[in-house]
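Just so it is clear, A, B and C label the chains in written order, and each chain counts residues from 1 on its own.
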Amino acid sequence: MNAPFAKIGINVLLTVAAALTLMPLFWMVSVSFMPSGATLSFPPPFLPSHPTLANYSRLFVYAGMGRYLLNSVLVASGITFFSLVFNVMAGYAFAKLRFAGRERIFQALLGALVIPSQVAMIPLFIMLKWMGLVNTYAGVMAPTLASVFGIFLVRQYARTLPDELLEAARIDGAGELRIFAQIVLPLLKPIIVTLTIFTFLASWNDFMWPLIVLTGQDHYTLPVALALLTREHVQDTEMMMAGSVITVLPVLLLFLALQRYYIQGLLAGSMKG
Amino acid sequence: MNKWYTAWLFLAPALIVLCVFFLVPVLAAFGLSLTDFDLYALADFHNLRFIALDNYLSLLRRPLFWSALRHTLYFVVAGMPLTIFASLGAALLLNSKLARCKSFFRTALFAPVVTTLVAVAVIWRYLFNARFGLVNYVLVSMGIHPVNWLGDPRWAMPTIILFAVWKNFGYNMIIFFAGLQSIPEELYEAARIDGASALAQFRHITLPMLRPTMLLVGILTMAGYFQLFAEPYVITEGGPLQSTVSVLYLMYSDAFKWWNLGVASAEAFVLFLLMFAVTVGFLRLMRRGERV
Amino acid sequence: MKIFRGRRLPIGMTVLMGIALLPGGCWKGTGESRKTLTFWAMGAESEAVRLLIPTFEREHPGIRVSVETLPWKGAHQKLLTAFAGGSTPDLCQLGNTWISEFAAVGALTPLGQMVKASSIVEQSDYFPGIWDTNVIGGALYGVPWYVDTRLLFYRKDLLEKAGFDHPPRTRAEWARQMAAIKAMAGPGRYAVLLPLNEFEPLVSFGLQQSGSMLREGGRYGNFESPGFKRALHFYGSIFRNGWAPLLTDADISNLWAEFAKGYFTFFLSGPWNLSELKANMPANLRNAWASAPLPGPNGPGASIAGGSSLVIFGASHHKKAAWQLIEFLSEPKVQSRFYQLVGDLPPRRTAWENSSLAGDPNASAFRVQLERAKPTPKVPEWQHIATEIGLIGERLAHGELTANQAARELDQRADAILAKRRWILDKKSQPLGKSGPAGHGLHVPPKGLTFCRSLDAG
């Protein structure tokens, strides 16, 4: 094949694909700065002729977006922190500590991955009602405080740690907790970063469970609030786009900053799975 | 040597969470699906009846359940190959030695994956608005008849599929990309020496080498697509004419809108069994393909 | 659930809000333990009620009210979820077609005793049809807050151009007018707007028929009755003839702009559009619109007795304080103010006569319609059945079903939805012999129904 021709072809194709992929996101940002009703004109404008922040201020002042943003930050950080602690501990135990039934329990956990989480949601709601946790932060967070996927990731990574290191520490008389905190954790840092960004993004973007368990607007996370706001304010295209920007921007920035770790985790989770 | 219980101390928090908030509820869901648990029972337990498999049997007689199943399968059967095709295409382009600015393109193509589904689904709702949407404007200005994307029952599901492809192809693209990079360059060189065309190289080297990746990507995508819920919830609210009601959407409405928790649990279980069966079938098919 | 409800702050409210919030914001409690009432209200009502609360809090220094907004579209579901999850507020605004449902599951506090003792809430001052929607199985569960019924808004000028000098009085006349308007308007414009995701128009047509929509005390659907079939037939013909567009309200980005453009001549809606239209119609069309009672099969017909009531949840710990808030919101002068703020019609005659409503010709159409307002069947499953009516109506409109098929399908779905209710009714009627409950109400009394005593205790 003609090399220069192929080169142009491939790069043009890539550019078109990237344009198609980014266009909706770009449109979202652009429309969010348009005055109310601007998108109804014909032809639909692609760039704001008079950029305004009115949609954002309306969202924060009138629709309580600040509260939802705070809720999302709280819920996503809480889930990330606790699940990180739980998953890392369990993953390390499955990789490096010896106990009866280790492999069988681990296999059982992996087997549980085939059950979609929605199967558990209905009884979970009833259980949380009995515990008084419906419409609380704890209620949203509870079912995601540990994940098989997270345990699996940590286990795969921890298995590569040299056993001699741990044995040497034990011979020196170090307790298991100390070994974990002072030797293992620093070595697990890369996978911890990966898991952090993974969990944070997943819990930020989570929708179905928060939608079910959060019954009052005081606790809504951004996706829930946005989905319900859209139903009520269908005609407010510009304001809804501003809401989308607020929802998407934090995770997009986080991803851009840490994308190397994210993609590593994605590959680690899928290649060996 | 560590004591026997240290391991359990490390495991306890995670295992307790998984048991209490996953294992027990899953078992309870099966129990629930054998009862007529509903709002009346929630108010007063005397209104609860054990009805064995009646929920399952009545599902089989309920047209809406069958259509929800049909819509879900439509989404999976059309969405999965399209997504994989787009992912593979993008990965091949990225992997080409002729491509420039690879890391920019990789990030750009991957960006939709990390965005919040609800937020970008809201964008779709406006882009595909029949009267004011940008998409129809572009169609009209190219001289194509506009489509009532979200108002026509024949077009609503394809619009959602298009959305899912856009949102998800980047994920598989990364996996394919890594798979492509792990194919030894010597294989291609040998093929080139034998005079194989680019297409022949793709068919006889790339595709067979990607087979395990393909299987993995297929299963992941399929499992994700069976759980279709937020897209119709945000973009179409199940309409028009309930043409985008998926099994999970139906389960959600039955459970958390009308509080027929028994029926909804049965729906969740049927979905689970279906996913399980399809996954097993998929694995078998691939394995048989390997032996041939 | 309602046409274009609560999407915008009603006019003037944005300005008023800033002013009215000031005194409330400055006013501080005495520092003693103040009760905090949670009050859930919907869309525009919640915005308006926030402006009334400071006065209430001044009059009752021991009570603070926290208002939370429910979006109309998700309200029914959110309220049921709150009940199921045990997180109900102290009191809330409840659509009056939902009362039987919440009463049946024992979520609500009966209010009969409190009304009897009240000098403010006087039953005789309320429109009887509306009051009646709050009585389930002989017990009162809500106090009407505002009334709402559906009638016809239309463009006088377009109707005149099509050759008619008065709004339709019968369905036949309405059909003739729609045909003429469609012929005049041509493709791309329509005679009437009936959003396909709303069940209210079809339910209104159904209510105009003589028979009830459910039979045998709400045990079975009665949609295959000749009356409802006629309603279905009429509804279907509006779409078949192209008089109404096949659109949901999501496709109409701005109702008033489209109405002003003449995209449709008629639409069915509620009283809040009186003030919205006054505010949103362009100056040259200010007198070009009017409202009229909904035409029935043989003359001006019935319509939904809709609206919202104020209810107290059984789980509330502040029932007495909640009742004080209900009394406050029921005072005629507060109701007149509420009408000014949000455009919701008061359910009390005194409030009606003391406000600007008395002289408003467009409001009088509502007054006339209210006299003929009919409640929807009072079964707990009504909201579910009504939703199915909307879904089947959509298929009928698309021509997927004939009117007869739609009626049969509706009966099947309603019978399935009502299965559990039949079982409970049979179970309850067995020990009582074969008499059985003849009325509609199915009432499971709330556990520990001692609220009157606990109320006295504070």
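Just so it is clear, a residue touches a chain if its C-beta (ideal position, glycine included) is under 8 Å from a C-beta of that chain, and two chains touch if they have at least 3 such contacts.
Quick caveat, the model's predicted, so the values are computed rather than measured.
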Chains in simultaneous contact with chain B and chain C: A
Interface with more contacting C-beta pairs, comparing A-C to A-B: A-B
For chain A paired with chain C, centre-to-centre distance based on mean C-alpha positions, whole Å: 40
Averaged-CA centre spacing for the pair chain B and chain A, given as whole angstrom: 17
Touching two or more other chains - residue numbers and ranges from chain A: 40, 125, 212, 231, 237
Multi-partner residues of chain C (each touching 2 or more other chains): 81, 84, 250, 253
For chain B, residues contacting two or more additional chains: 125, 132, 237, 256
Residues on chain A engaged by chain C in the complex (per definition of touch): 37, 40, 62, 125, 128-129, 132, 134-135, 212-213, 215-218, 228-229, 231-237
Residue ranges of chain B in contact with chain A within the complex: 1-4, 6-8, 10-11, 13-15, 17-18, 21-26, 28-29, 32, 90, 93-94, 96, 98-100, 104-105, 107-112, 114-120, 122-127, 132-134, 137, 141, 166, 170-171, 174-175, 178, 198, 216-217, 220, 223, 226-227, 229-230, 233-234, 237, 248, 251-252, 255-256, 261, 264-265, 268-269, 271-272, 275-276, 279
List of chain C residues in touch with chain A within their complex: 6-7, 9, 43, 68-74, 78, 81-82, 84-87, 249-250, 253-254, 257
Complex contacts: residues of chain C adjacent to chain B: 77, 80-81, 83-84, 101, 104-107, 196-197, 246-248, 250-251, 253, 380, 384, 391, 394-395, 398, 400, 416, 420, 423-424, 444, 447
List of chain B residues in touch with chain C within their complex: 36, 38-40, 42-44, 47, 49, 58, 125, 129-132, 150-151, 153, 237, 239-242, 256-259
